[in-house]
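Structure record follows, encoded as C-alpha cells.
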Amino acid sequence: MFPHHTVVRLQDTDAAGILYFANQFRMIHEAYEELFDKIGFGFARLIKDCDFFLPIVHAEADYTAPLSVGDKLEIIISIEKIGQTSFILNYRLTRAGQVVGTAKTVHVSIDKRTKGKISLPPPLREALTKVK
Amino acid sequence: MFPHHTVVRLQDTDAAGILYFANQFRMIHEAYEELFDKIGFGFARLIKDCDFFLPIVHAEADYTAPLSVGDKLEIIISIEKIGQTSFILNYRLTRAGQVVGTAKTVHVSIDKRTKGKISLPPPLREALTKVK
Amino acid sequence: MFPHHTVVRLQDTDAAGILYFANQFRMIHEAYEELFDKIGFGFARLIKDCDFFLPIVHAEADYTAPLSVGDKLEIIISIEKIGQTSFILNYRLTRAGQVVGTAKTVHVSIDKRTKGKISLPPPLREALTKVK
Amino acid sequence: MFPHHTVVRLQDTDAAGILYFANQFRMIHEAYEELFDKIGFGFARLIKDCDFFLPIVHAEADYTAPLSVGDKLEIIISIEKIGQTSFILNYRLTRAGQVVGTAKTVHVSIDKRTKGKISLPPPLREALTKVK
C-alpha cells in the first residue's frame, strides 16, 4: 500500500467542468513514478541506467464521480500480480475517503536493445514483492 | 466506420522515446470529437446547447507497438453497443495498415442539471445507429 | 514569496529526453493555483462562485537548463505589478538551488457575463498586495 | 509562410470553458513540427539521426480572444530571425480570418554530445532561409 496525494489542477479539467478522463491516467502514472522512486527504480534510473524498460501494454480506468478543480485526491497503488515477464498494478483514487475512480496498468519487461520481452529483472521482482 | 488521421507529436512522446500511454486516450478522444461533429453532436453543441452530457465512465487501451514522433496514424471508431442510457465505442489505431493499438470508451447519458443517468436522447440514439 | 514544490514527471518530458517546453507553463500555473488557494481565491471558488475571471493575456518563459524526469523543482512566485485591471506574476524555477527557468504571466480581470475588462475586485487586490 | 490547420479539442480547454493557455504552446509546436517535416528536418530525423538538437530557450504568447472547443484555427509561422547559433519563429493564430493569438519561440542549436551551442548546421540554415 503506497499512498500518493495530488490535487486536480485547472489543466486536468475541460470545458465540461470536470476532469478530462485521460488525465486520470496521468495522475495514476505519477503515483507509479513515486512508488518506483521509493523502491529504488525511479524513472531517472529506469531511463538512463537500466538495460530494461517497463512499457505499459494495457491500461484501464473507471470513473465513479465527477472530479473538479481543487479536489484533493489520494491514490493507493496495490500490486495485483507479479508474473514472469510482467506485472499488474491497481490504483484506487479517493476524495475525502470516498472512492472516485479506479485504474489498472499492465507492464511488461523488455530488453532495451532487442525490444523483446524478458523476465522481470530479479532486483525489480524482489522490490515489487516487498510492496505486495 | 469513421477514419480519423493524426500524427504522433513531440508532446505525445516521453523520455523513453515513445508515445506516453495516456496520450493514446487523447488521440482516440479527438477521433470521437470528429465523429460526433460529423453526426451533429459536436462538443461545442454538447457543452453549450444540450441539456445532457456524455461522461466517460470506463476507458481502456491496449498498446501493441511502440509509437514514435512523426508516426502517421489512422484511428477507426466503431460502435460496439448502444444501450438504454449508455453506449460503447471501440477504436482501432493503425500505422501503415498495421494495428498498433486499440481502445474502448463507455459513455453514459446524464442530465446536466440533476447529474442523474437518463435515456440516450432519441436524436443522438438515431445518429449513433446510423454510424453503426 | 511563495514556494511551490514539484517533480518533473515522465509525461512532462518528450523524446528529446528533457522537459517539453510547454509543460513548464503547466508547472508555473500549478504554483499559481496553489498561491491563489492560499490567499482565498482558489480555482474552485474562482470558477464556481466569483463573477469575475482572470484570463492570461500574455505568458512567457525562459529555459536555462535542460530538465529531466525525476528532477525536483522549487517554483517561487513574486508579484511584479498590480495594475488597475491586471496583474503580472513572475516565476523562478530552481533545482538544487540553481535557477533552471523563469516565467511571467499577465492576467486581466474580466466580468464573466460581459466578458469585458473590469477593475480588479478589491478583495483580490488586497489579497495580492499582501503577497507582494 | 506556412499554414497549419488545427481544431481546439476538449482536452485543450479547461473548466473556465476556454483554451487553457499552455495548450496554445502545444498547438504552435505542432505547426513547427509540420514545417520542419516539410523542409526535411522532421522530428523523427532530428531526434534519431541528427547530431544536433534545437531546444527552445524562450517562448512567449499573447491571447487576444477566448478560444472554445471546436474552434477551427489556422496557424501561420514566419521566421523572424536566423542568427549564428539560433533562430526565432513567429506564429499567428487566426479563427475565421481574425487573429486570436500570437506566439514566438527562440531556438538554439546545440551539439547533442557536448550540449554546447554550435552554429546552425548549414543544411538547416539553408532550409530555413528558403522558408523566409
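Each chain carries a letter (A, B, C and D) given by its place in the written order, and its residues are counted from 1.
Everything below uses one rule, namely that a residue touches a chain if its C-beta (ideal position, glycine included) is under 8 Å from a C-beta of that chain, and two chains touch if they have at least 3 such contacts.
Since the structure is predicted, the reported quantities are computational estimates derived from the model, not experimental observations.
Chains making contact with chain A as well as with chain D: B, C.
Across B-C and A-C, the chain pair carrying more C-beta contacts is A-C. A rotation of 180° superposes the C-alpha trace of chain A on that of chain B, rounded to the nearest 5.
Ranked by distance of CA centroids from chain A, the top chain is D. Distance between chain A and chain B, defined via averaged C-alpha coordinates, is recorded as 22 Å. With centres defined as mean CA coordinates, chain C is found 27 Å away from chain A.
Taking the mean of the C-alpha atoms as each chain's centre, chain B and chain C sit 32 Å apart.
In chain A, the positions touching at least two other chains are 10-11, 15-18, 22, 26, 29, 43, 47, 68-69. Taken together, the chain D residues at the contact with chain B in this complex read 7, 9-11, 17, 26, 29-30, 33, 37, 42-44, 47, 68-71.
Touching chain D in their complex are the following residues of chain C: 15-16, 18, 21-23, 25-26, 29, 43, 47, 53, 55-64, 66, 105, 115.
Across the interface of their complex, chain A is touched by residues 10-11, 13-18, 20, 22, 68-69 of chain D.
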